[in-house]
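Sharing a structure, written as structure tokens. Questions coming.
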Amino acid sequence: MKLVMAIIKPFKLDEVREALTGLGIEGMTVTEVKGYGRQKGHTEIYRGAEYAVSFLPKLKIELAINSDQVETVVDAIVGAARTGQIGDGKIFISSIDQVIRVRTGEKDADAL
Amino acid sequence: MKLVMAIIKPFKLDEVREALTGLGIEGMTVTEVKGYGRQKGHTEIYRGAEYAVSFLPKLKIELAINSDQVETVVDAIVGAARTGQIGDGKIFISSIDQVIRVRTGEKDADAL
Amino acid sequence: MKLVMAIIKPFKLDEVREALTGLGIEGMTVTEVKGYGRQKGHTEIYRGAEYAVSFLPKLKIELAINSDQVETVVDAIVGAARTGQIGDGKIFISSIDQVIRVRTGEKDADAL
Amino acid sequence: MQNLIKYSLLALALALTGLGMIDPALAQEAAAAAPAPAIDSGDTAWMLTSTALVLLMTIPGLALFYGGMVRKMNVLATVTQSFAICCLVAVLWMFFGYSLAFTTGTPYVGDMGRFLLHGMDMNAPFLMGAEMPAGSVQFTIPESVFMMFQMTFAIITPALITGAFVDRMKFSALLVFTSAWLLIVYAPIAHWVWHPMGVLWGAGVLDFAGGTVVHINAGVAGLVAALILGKRAGYGAGGGHNFAPHNLVLSLIGASLLWVGWFGFNAGSASAANGRAGMAMAVTMIAAATAGLSWMFAEWSLRGKPSALGLISGSVAGLVAITPASGFVDPEGALIIGLVAGVMCYWGATTLKRAGGYDDSLDAFGVHGVGGIVGASLTGVFALKGIGGVSGLIEGNPGQVITQLIGIGYTIAWCALATAGILYMIKFTIGLRVEPEQERDGLDLSLHGETVL
Amino acid sequence: MQNLIKYSLLALALALTGLGMIDPALAQEAAAAAPAPAIDSGDTAWMLTSTALVLLMTIPGLALFYGGMVRKMNVLATVTQSFAICCLVAVLWMFFGYSLAFTTGTPYVGDMGRFLLHGMDMNAPFLMGAEMPAGSVQFTIPESVFMMFQMTFAIITPALITGAFVDRMKFSALLVFTSAWLLIVYAPIAHWVWHPMGVLWGAGVLDFAGGTVVHINAGVAGLVAALILGKRAGYGAGGGHNFAPHNLVLSLIGASLLWVGWFGFNAGSASAANGRAGMAMAVTMIAAATAGLSWMFAEWSLRGKPSALGLISGSVAGLVAITPASGFVDPEGALIIGLVAGVMCYWGATTLKRAGGYDDSLDAFGVHGVGGIVGASLTGVFALKGIGGVSGLIEGNPGQVITQLIGIGYTIAWCALATAGILYMIKFTIGLRVEPEQERDGLDLSLHGETVL
Amino acid sequence: MQNLIKYSLLALALALTGLGMIDPALAQEAAAAAPAPAIDSGDTAWMLTSTALVLLMTIPGLALFYGGMVRKMNVLATVTQSFAICCLVAVLWMFFGYSLAFTTGTPYVGDMGRFLLHGMDMNAPFLMGAEMPAGSVQFTIPESVFMMFQMTFAIITPALITGAFVDRMKFSALLVFTSAWLLIVYAPIAHWVWHPMGVLWGAGVLDFAGGTVVHINAGVAGLVAALILGKRAGYGAGGGHNFAPHNLVLSLIGASLLWVGWFGFNAGSASAANGRAGMAMAVTMIAAATAGLSWMFAEWSLRGKPSALGLISGSVAGLVAITPASGFVDPEGALIIGLVAGVMCYWGATTLKRAGGYDDSLDAFGVHGVGGIVGASLTGVFALKGIGGVSGLIEGNPGQVITQLIGIGYTIAWCALATAGILYMIKFTIGLRVEPEQERDGLDLSLHGETVL
């Protein structure tokens, strides 16, 4: 099984979620994060004092999937999250050893 | 070493933490997240406009442990976090290569 | 490629970020988290009722890097985040299979 | 828009026809009879206080009521609109607005006799319409106090409109719109209704504290603005775009300050600390309370839950509806007005808005337009001779209802036409609406360069 | 509960015994001596203002004071309680409450002579107890203003009680409870104390602005409610269940508005803009300030840190305690009352509550009950003939302290009994408490379907 | 610091030299002419109201204005400073402050004739300076009301200073500083300016509502404190240390309440509900509005965006600047004063502060110091005989400008010297500043043991 962790622009959440549910993905976890990257932040000025805000609001989506779903999932996320402008985000894929559903104790594929 | 990442219901945090400290686990990191899954969200109505809130508040607990602790830790979390109702959450286990304690520079098992 | 996940004290963010950009690291993602560890929390008293706050505010930094950068990155983070006092945080390193840049579809090293 | 214009013309026609039927003897001359040419310290104390209370309604009252209902990324932009309008209108009022509204001039608009507030006598009690021997109104307070009290009304009215177009209007466009609207729409209509020379005063239209001048006016302008600006990006698209209020605690603070401040608005409109002011305060309280409950129970029975937003919206609806009636009706009249207003404004903010398909974002029309029309009409029904000197339908004078409808018609007609004109002028010159990315990133950051953490 | 009833009965017995000892000549007839049968615009101006100030105390004052102290998931439910009570009581006051409290009737309760507020003369100064030739009280303000001022007192009293049972009472139960409590507990006790026909007025009990009628009453009702409803789920269980206030900035705004509004509450209780009002305002300020400092220093020395919550709680405690005394004592008396109130209420909200084992969540009893008892008793100690026409212990009249204790006893007795009765009635019919899952998910979402982001 | 002392001495010298040039005939004796030895209920009503309004300015007004501008971890500590000062000053005022300021004494300070507020006549109108047959001032309100109104001024002045040193002063040091500063700096300067025996009153200095006594005083004290305490850790270090305001909604609420409350501050300074109060309210509104716009447009043109913080800061700057002028100028004077104040205070909070290199964190000096100096000077320019009985430069009396500068000089000199003395005394005894870790962890937690979630 794989863990897909995608950083996206916040206003793209609904489109990404819809794309994923379209693939039958039933579960995901979302976290509000701040991103630093090529996309520049902005400057805020308060009474003459400038504050450079270099971290931008992003959302992190984590989803555990079966290894054979990786490609379709990545395509779905890229398709839904892309605006073509800098700062669209990244997807990181790693392996997971085991998944357990707390309610039932089911494991791995059954737990997804 | 393994990284255990558990999604639980927020009000279960104290019980889970107590169960883990009962096992001698000395460190963990908690993040407020929003979960999407089989558990349905709710609808809020503001002056006749309905807003479907499909993401529910959850907590993510991350803890790095020695590989031989995985089973007891999973059992402890499942035991403490289970309500038997939908939305109880999931546990994901993956491998970590290395752990470093910032304060001392200690590595791996010493750093846990 | 590796994923470096570092838990640090919040007021150390700027120093860590500068140390990393000094290494040419161009991207990272930061999350506000609560940490539990050897560092004790504090007690708040409201009209005689005591509340033990055992989770302390921390920041989690995640960055995907090439495997050969691990050592320099860890050194940079440790150097910038260390105060020598308890609660300085930890660094966890794991492997990632794949990285995709959403905007371009670039993969792996190109996507970092 | 075509419909809008059509209906506006219709209303105007109706109004003009009706005018022939009005007996000018019904005009609000009661006030003019007061023979007291000295400043009364008690009356002045109450009017100074009322002025502070009405200012409190806009800043921070209305700013918070609206600010709590928008998304977090727009909260500063929203509260700033009310604050900026407060500053802008105060200056314009000094230059032109007060003169256009409250000097004698013609039945349609005042002259410029108080340009820069020249000519106010500091120590004499104010005589309004001194040039009209027969119809002038003698106050017991200095003109400066009258001018200030009226300024706070001129401030809140354009601020109310902003509820219709939050999250998408350019700040520069807002400033231009407010300036033009104040002078072209608000000041003349205030003159019509509240100056003894005014055409609707002459027609006997009753509007104690601004049901037509303030609320119908703001509500209709809001509706027109919502139609011309169009919807917020993503509004009504379904699929989870979330426009839910980000912090109703702010809105509840705002509604509370509106309520408290409204005591100055309505009881202050008696221009004196007397029995009529006391009665106006009492009916204001009762209508607000009743309407809060009636919206709440309506929503509770239809939607299953009594929402905080419903309760406070209902109270505001009741305050709106009692405004024109507050110096004319008794507590029982207020009870019924509140009851009707709560239910009707709930309908206005839900069913009517959905049917109309416009995005009157915070229900400027649904609450102030609908509530104002309900209140202005029912003033004609429940007015009692013993309270304000004029009888309504329930005391056997159905003509007063017609008179009220004429006042409503006039107001709607001129407001809709002129507002549309002003907005189109801005649209085709500096533009009305922010860029799509600005709207997406939130106006706090894109227009003002600030954020709330 | 058994203890509660036992003590209530005891207090009642004590009160009845004591009554024989009271010299009716001490009754507050000073006011009745005023021979001015005309409306005074200055007095009316101040009373209109005071009414606005007291309303400000409940919405948004008390709503925020309480709202900031609960967990975030309950903040809307908490502030909505105050707002809904405001609406509900206003309507009930119009129908029955005002009549029961302020018409002549019997020594125990008024009649229904002002049902629907019929019969108020708009333009005459109010004569309270006109049916009692000897004891009537002549005011210089219209009855509508008196009625409104008193309405705002009737609103804040049940709203204060909610502090005892936040986070767990059903909204429907709250509405039923408030209605019954207003008519069965509040209105009669107001009649006893503030109407010349009332039994405690006759006994010479001094309560300038509501130490017994408002604060002891609300505090005791809160204690009874906390006992009958039981604790919040998880309260006192240790192990990290966290009930810490989520945003004390809201509470500080609330406490500030309570303080400012209390000027209307206490100085307004002079019913005129005169020297007694001025002195009442001064002693109110001094007691609030002193009590804030005394709670703060007490906590600082015992707990090591001066908390914001302690400081503001102390000020509120001082305001509570000076309430009954405010028209009777001088600044030095106020200083001592404030000092004692700060320390005693700190004790009430900490040691006493822990000892009692009840969950009076926001210390309705600890602050308002304890503070009210402190204030009502010390009024009997520090009353000065030169201020309010009655001497207290320090001017050699120990009897006044007894009289005050009788007033306290009566109030506690009837309030405890009747409140318990009402709550049990609700418990066994529609139920008092929300479901455990509702409590866990937060009342904002489960009762009102809304959240604060 | 050396520079500071040098300039202070210079100013003092200038002031003393200048004093010879003043014609005492210009003194503000207008008020003294009033022959009315009876309490006026209307005037009293307005002054009771004004007292409530000015208290509202500090709690919660100023508390929120400042609280919104700090980092989230310091918000409770910041708002608590204003609240604690309110409590502390009230008690000190009762003991010593009121006597030092408003009893006759010498030209430099009052005596202790009102220690513990002994000797106030409850029912007679207040005669200020009764011991000076020629120069006494007869009021139409009770002394208790005058004392209370002045207390609220004594509260806000030290609270304003806190803006200069938020985030780093020890709470204990704050309490000691406030106590000493009130008695050594504020009370004497109030006596100089506002008591007929006072040296600056005698010199003919005009300060209607506190341009020198309140704003220059607070601003200069703030500057001195910012210099002596030093910068916040990390301030000006670049590299991303972020001192951005955490929630400007709070600041906007605060600015709004300051504005509304300022009606009591300025119009209340007429001590009566009359034409001068009305005019004072009008010019207050106009200056606030104009200054808000002028700061906003200055920033908009220089920085590209009109910020919410700029708009509200400008309004406060206008309110500051009109304060000394409010009973002496007409609307046009107010317009110009507002215009100048908005631009000058923008300069004071940006260019000047950067040039000075000090960390006046929330611009106590930049807004109140600069604005106060602008206002006090321009009062000498725009004063009109027809408004306040004294002519300024534009009516051909350039001497009034000199007189005003002398008043400014005196105030700056004594304030700077004495403030520095007090702060050094504290620094070398209990210490002024929190520990570095306390500053880093936030004062909410480290000083008060509380947090905002």
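Structure notes:
By written order: A, B, C, D, E and F. Residues from 1 in each chain.
Here is the rule we go by: a contact is a pair of C-beta atoms (placed from the backbone, for glycine too) under 8 Å apart; a residue touches a chain by one contact, two chains touch by 3 or more.
The model shown is predicted, which means the values in this text are computed figures rather than measured ones.
The chains that touch chain A as well as chain D are B, F. Under the touch definition stated at the top, chain B and chain D share these contacting partners: A, E.
Of the two chain pairs examined here, A-B and C-F, it is A-B that is joined by more C-beta pairs in contact. With centres defined as mean CA coordinates, chain E is found 53 Å away from chain C. Chain centres here are Cα averages; for chain B and chain C they lie 18 Å apart. Annotation for chain B: residues 17, 31, 44-46, 53-54, 94-95 touch two or more other chains.
Shown for chain D are the residues in touch with two or more other chains, namely 40-43, 45-46, 49, 240, 244-245, 253, 273, 303, 305, 307, 309, 449-450. Every pair of chains meeting the touch criterion is listed here: A-B, A-C, A-D, A-F, B-C, B-D, B-E, C-E, C-F, D-E, D-F, E-F.
Listed in rising order, the residues of chain F touching chain A in the complex are 69, 240, 242-245, 303, 305, 307, 309-310, 313, 349-351, 353-354, 363, 366. Those residues of chain F that touch chain E in the shared complex are 39-46, 48-49, 51-52, 55-56, 59-60, 63-64, 67, 75-77, 79-80, 83-84, 86-91, 94, 116-117, 121-124, 141-145, 147-148, 151, 171, 250, 253, 273, 447-450, 452-453.
Across the complex, chain B meets chain A through its residues 2, 6-8, 31-38, 54-55, 58, 60, 70, 74, 77-78, 81-95. Only residues 40-43, 45-46, 49, 53, 72, 244-249, 252-253, 255-257, 259-260, 263-264, 267, 272-279, 281-282, 285-286, 288-290, 292-293, 296, 303-309, 311-312, 315, 330-332, 335, 386-387 of chain F touch chain D when the two sit together in their complex.
Contact residues of chain A toward chain F in the complex are 44-49, 51-54.
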